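Here come two complexes built around chain A, the first alongside chain B, the second alongside chain C.
Let's turn to the complex of A and B:
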């Protein structure tokens, strides 16, 4: 098949132009100040308490979002594999994930609004309506809502591949259903969980539209900060510095959740 | 297979309700003659009419579709050639390096892709607008196409190519009459995914679109930032309808090709 090598040419150009060049440019710009001189001031600024605190809270939120998403998605995926028409049910889970993310986020502006259904329900129980929008609760809730289908799909796939005789064997050998889950099912589906964490944690660090629309200025994630620096403050140097750290954290997460056998997307 | 307990069923029902509630909430109020998402006054189609009357919105809709089709097409060509090229590489190290580079854009956060492309386009001097949006959509769709086509190529028996060559087929014939027909399902799946990625993208487009050009996601974002507008609800209704049709179509297409494929293998 060596004669097909000519096919590689446009692809290599794509890699050079849109994979290597952008990363190089981000690193280059992270060392420039506003007037284009070389400086490490951006990195110094990043290690100032303001940015460090922002980074830590961003990670904390991403951690919480991933945790809650996993806690909801795993049982759902597990129960889905037990249903009769499981592929059909899975498709019904996938449909909401295909609706434009902004539309789903927008829905919560109404739902969490001061006169929205949640507050109406709160009032029925005799409580005062409260502003739920623009709080960190609403940010976490909406993010978890958005990521649930993306977490369910890989976990469902790995549960579906699990050989059921292993579970019978564990039960026959006297393991309780909890032990079976802890020692057999969960370890064997850990790859699905890892993929799920990948597709949740990294976007949770970087999605800026949810924070902008739902959390107001209450929550600032790494993604929000990058958008702010690039498009509002026009400080591309500082924005690139934050982007460098976002890329680094992505690499760390990929490394931690890397699969030994070379997992494949979808 | 054991039947699901009623508690499990209840759990699944709640998850489904939560997943669909915001979407139906949006669609429900798209028929509201009042201007808000709280009090349903009376049934009306005026918001749908407003969508179709708003020529600016229609132009944006057409733009979005053109960008998706065009970028999907170009990305499919590049990606398919790239996958064929990757397979032709014998050296395992080079192949794995290319594959890792391929995956960079898939796992990269959207903000980073958007910001780095913004720097890239400004440096090269590409005017922000239609061209920059199409090029960046091509850029982030290429790796997806490669990932969809690659497995098909890898499972292809190389003696098919040898046989074609022995029987006197030219290089071009081998490509168009043997390889391409064999990997066709992968190419279609890649094109399809590229379309959905393009239609769904917000963050990258938001960075690289200039003032004059807008896609649906960017438009929804700027509308949602100014508050509730039932036109967005009407758009959600339309988007939901299209999505359901597309998902059902994809499901059947996928199932059919899977069945044909399994039939061939066994």
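Let's turn to the complex of A and C:
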């Protein structure tokens, strides 16, 4: 036992330095005003209509982004497991995530532009070209595009691990393919879906560059507000307060989508 | 396990090599020594030919680095990691850096070419007697627009034109709290340095009525959009407008008569300087009439250098859009350093305005 504890030592140091200390610092800064005095004014300010509305819109857009990402990623992952060279296909889907996020975002400015390829196609079909940039649609589209690989990987892994004999058994017992999916496949891969939701929803709450470049600041998320507070207002207290609420909401999401231990037959 | 060890070793070796190469490169530049200076400036803000000419004339090598916001620049100077000999902050940032004791007072005896500067631009409120800073370029905030794409009666000589119903979903604003709230304050005839909650409230309410017309609030991305005619009207800085107008001749620029912002970018010598004599030599060189005229040709912003203006194309300096007459300049205001409390409030109001867009 004592030996095991000794082996844990570096990890304890790591967690103390890089997990607990930063969070403690954020909480500490969130209770400072501009001149460095202790105050709870930042928390009061957070409960003003402006910030509450912003929190709600952040959640709403993060929800939409996660929903659409899941709707695209699950079928894709499912079909991937049926292909012959599934690792190759998976690789091809993951490769775009190696490209810098900003580069991809800038590319979309060109693609969605008034004279970009999409509007050119729209014109071919005889419609008026429309500004697609700086709309809800463009914001959600680009965000979904960016998160798809991160959602596919965990779902693909859990689908891949699924024991095929369970599906045969369901079929043998007379379940339709829809029932098989609903009662056997989906429940057994729910853990993959949950981790997919975690890696999409949480970053989506704090997106900030895309809100300016693609949504033209029409969409304001908590991430944008934190960036403004730190870089422009230089109000570290308020920025940290927003960060505290972001951390709290992440804890809630982790709790809601957390993996339950045992109880389930593999 | 074996491959893990191999991979780890490979990464360590590559990192060590890169670090070695970086060190070599740095010592080749030998920052901070007697015959080099490090200039920290905005991107595309100097004619590179002039840097070569300076090195040829004085034997001082120039290391040139760029930044994209005053705040980012100040943070780097504050940290003191690099030996910047010259920086080019805007006027409110000069004031802030003086307050935080980040600047070295200038020795005017080493800057004889200071006489070339129009006295109108010297001894301004943000730096009395030019103790710490020398103006480099100046400009205004105004509206760049495409006359062929907006209705004829819109000339943007008044801010009110932005509220015109024909501009629904057409107006682009620059992503800066001072600029946008300042525009709101000017549009109700108030100072853009207002420190009064009621006035700011009124300006924000006025701005919120503009939201149906606002298409987006963005940064430098506005330049290609205006050039490609994807945007028709934008609130921006005069210098950026000039860039757009060089690329797209249809565009026009106006500074509304109710008033607007007058800004200055200035040479300063930060506390991080290692070659203070070299820095003075560089500033003095940039103030020479021919040098300044050539630089202006490249950069295109408005110069405060009277001697250089005499050498420039009369068509350029008589363009009232970029060199407004003095009586118009009277309506323009320089940003004062608001202090953290009011800067925070401006940002809160700006955030509220952004939230009203949806």
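Heads up, the rule we're going with is that the second predicted complex is superposed on the first by the 243 of 266 C-alpha atoms of A that agree within 3 Å, B and C clash if a C-alpha of one lies under 4 Å from a C-alpha of the other, contacts with A are read in each partner's own complex, and residues count from 1 in each chain.
As a working rule, a contact is a pair of C-beta atoms (placed from the backbone, for glycine too) under 8 Å apart; a residue touches a chain by one contact, two chains touch by 3 or more.
Keep in mind that this is a model prediction, so the values were computed, not measured.
Enquirer: Taking the superposition as given, does A:21 touch the first partner, chain B, the second, chain C, both, or neither?
Expert: first
Enquirer: Which partner does A:148 contact after superposing on A: first (chain B), second (chain C), both, neither?
Expert: In the superposition, A:148 touches chain B alone.
Enquirer: Quick check for you: in the superposed arrangement, does A:231 touch first (chain B), second (chain C), both or neither?
Expert: Both partners.
Enquirer: If we overlay the two complexes on their shared chain A, which of chain B and chain C does A:118 touch? Say first, second, both or neither.
Expert: The answer is neither, since A:118 touches no partner chain.
Enquirer: Scan A:175 for contacts with chain B and chain C and give back first, second, both or neither.
Expert: So A:175 meets neither chain B nor chain C here.
Enquirer: Look at A:213 in the shared chain and tell me whether it touches chain B only, chain C only, both, or neither; answer first, second, both or neither.
Expert: both
Enquirer: With both structures fitted on chain A, tell me whether chain B or chain C touches more of chain A's residues.
Expert: Between chain B and chain C, the winner on chain A residue contacts is B.
Enquirer: Return first, second, both or neither, reflecting whether A:109 touches chain B, chain C, both chains, or no partner chain.
Expert: In the superposition, A:109 contacts both chain B and chain C.
Enquirer: If you stack the two complexes on chain A, which partner ends up touching A:31: first (chain B), second (chain C), both, or neither?
Expert: neither
Enquirer: Which partner does A:92 reach: the first (chain B), the second (chain C), both, or neither?
Expert: A:92 contacts chain B only, not chain C.
Enquirer: Identify the overlap between the chain B-contacting and the chain C-contacting residues of chain A.
Expert: Shared contact residues on chain A (touching chain B in one complex, chain C in the other): 109, 113, 115, 212-213, 231.
Enquirer: Quick check on the complex: what are the chain B residues that touch chain A?
Expert: Going through chain B, the ones touching chain A are 1-2, 4, 8, 11-12, 15-16, 18-20, 22-23, 25-26, 29, 36-38, 78-79, 81-82, 84-90, 98, 101-113, 115-120, 123, 139-140, 142, 146-147, 151, 158, 161, 171, 175, 196, 199-200, 202-203, 206-207, 216-217, 220-221, 224-225, 227-228, 232, 235-236, 239-240, 243-244, 246-247, 251.
Enquirer: Touching chain C in the complex: which residues of chain A?
Expert: Residues 34, 50, 53-54, 57, 109, 113-115, 131, 133-134, 212-213, 215-220, 225, 228-229, 231-235, 238.
Enquirer: Residue numbers of chain C touching chain A in their complex, please.
Expert: Touch residues, chain C against chain A: 69, 71-72, 169, 172, 175, 177, 215-219, 221, 225, 228-230, 340-341, 343-344, 347-348, 351-352, 354-355, 357-358.
Enquirer: What residues of chain A sit close enough to touch chain B in their complex?
Expert: Within the complex, chain A contacts chain B at residues 1-12, 14-15, 17-23, 25-26, 29, 72, 75-76, 79-80, 82-83, 89, 91-96, 98-111, 113, 115-117, 120, 145, 148-149, 198, 202-203, 205-209, 212-213, 222-223, 226-227, 230-231, 236, 239-240, 243, 246-247, 250, 254, 264-266.
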